[in-house]
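Read through the structure below, which is laid out as structure tokens, and then see the notes.
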Amino acid sequence: MHIGKKVWAIAEGYIPGWSNGPDPEMTSHESICILNASEEDAHVKLTIFYSDRDPIGPYEITVHARRTKHIRLNDLTNPQPIPAAKEYSSLIVSDVPIVVQHTRLDSRQDANALISTIAYSE
Amino acid sequence: MHIGKKVWAIAEGYIPGWSNGPDPEMTSHESICILNASEEDAHVKLTIFYSDRDPIGPYEITVHARRTKHIRLNDLTNPQPIPAAKEYSSLIVSDVPIVVQHTRLDSRQDANALISTIAYSE
Amino acid sequence: MHIGKKVWAIAEGYIPGWSNGPDPEMTSHESICILNASEEDAHVKLTIFYSDRDPIGPYEITVHARRTKHIRLNDLTNPQPIPAAKEYSSLIVSDVPIVVQHTRLDSRQDANALISTIAYSE
Amino acid sequence: MHIGKKVWAIAEGYIPGWSNGPDPEMTSHESICILNASEEDAHVKLTIFYSDRDPIGPYEITVHARRTKHIRLNDLTNPQPIPAAKEYSSLIVSDVPIVVQHTRLDSRQDANALISTIAYSE
């Protein structure tokens, strides 16, 4: 089953600068959740756009056939880490159709806050 | 009135591993909310995709004509329960058009956090 | 400018059963936010779908030309109030194109939680 | 790469009337996040719609080529500030394709709450 699109974008992006609570569950973070419902592995290229410098990427991610992958953006290191407390946007390009959703956990105050939205596709 | 689509996907999925507050209202959970505005019952098949094993399903759900159903994913048992604290994605296929929305209540800290988004359809 | 669609649906719906904090700001509630960017008044009919009984409606709402209206679902009375702590879905039909977004404020615990998502349109 | 649309709308809009926590991180606010992945600068015109008076705008914003911009609506002053604790909607028109997402941080209670959703495009 080929559900999804090959090009996705997330305009919001921000890794909160501090956290409250046990690591890793309550560490402030952003995730990109990818579903690859197809029979082929998805080779995904992620590019990060900033407000004050050129885009960085691609970050290369493989999502195996008939699998999901939830990528914590805090953990990416190659080509370089995404700085905390700095605004960015994401562009995601895959060679097979995928479905992409964006989630943030923000634990800067005593109780955590969450956002999630379907990404933009075309 | 036939509003909606027959194929939906939710890339995000995670049942938080613990809870604070009275059960059932404040129990950490994920829900799939389905609207069937048509004049015919909807027979819905739900498949859960994991990061490290083959998909599980279908979970079979009937949403009667001109009714809504909010399904707590924590409560599904057949073919097997969805484990807590583990990432997954959902694929929803119906025989009549439906509308699907995804919601999580996370009460792991003192106050609950919520997310919700329209699912992806095609 | 005619931006939007005439038919919208929101699969999620639930007015939390209790609240913490000052009224009206912190009262648990659900809102349907409607933008009418056109030059004509929008006559909107809202129908509420339940899990265990026939749909109720229409609730009739006018959104004037070039205006927004944020409707607290808790406050609707005609044809009948929407009960708290009960799941529902919404169908929104307008005679001119509108844009619809759904928001909930849940203050059942010490700090409020929020969700919002664009509604489904076709 | 030209990803996105030229016309976007956000039906929800509300700047909470008070805040808890350090400024600027925890100040209650609303943001419009814009990704311009194209090779040309985007000239964006933002119009704010109210429930009880004519729309105000345009607010003019430039998002440079291959950059993101997260605009705090609290900070806009020209043609006039957006009042807090008042409902509004936003219409965003650009001369090159962009991607738009809406986010609110609400810190009126002890812990902050967050919402975010992709805007409506056509």
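Here the chain labels run A, B, C and D in written order, and each chain numbers its own residues starting at 1.
Here is the rule we go by: a contact is a pair of C-beta atoms (placed from the backbone, for glycine too) under 8 Å apart; a residue touches a chain by one contact, two chains touch by 3 or more.
Since this is a predicted model, take the numbers as computed values, not measurements.
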Query: Taking each chain's centre as the mean of its CA atoms, which one is farthest from the centre of chain A?
result: C
Message: Shared numbers divided by all numbers used: is that above or below half for chain A and chain B, i.e. same or different?
response: different
Message: With centres defined as the mean C-alpha position, give me the chain A-chain D separation in Å.
response: 21
Query: Residues of chain D touching 2+ other chains?
result: 109-118
Message: For the complex, give me every residue of chain D touching chain C.
response: 7, 9-14, 16-17, 49-52, 54-55, 85, 87-89, 91, 102, 104, 106, 108-120, 122
Message: Which residues of chain C touch chain D once you look at their complex with the stated criterion?
response: 1, 3-4, 20-21, 25-26, 31, 33-35, 37, 66-70, 98-101, 103, 105, 107, 110-118, 121
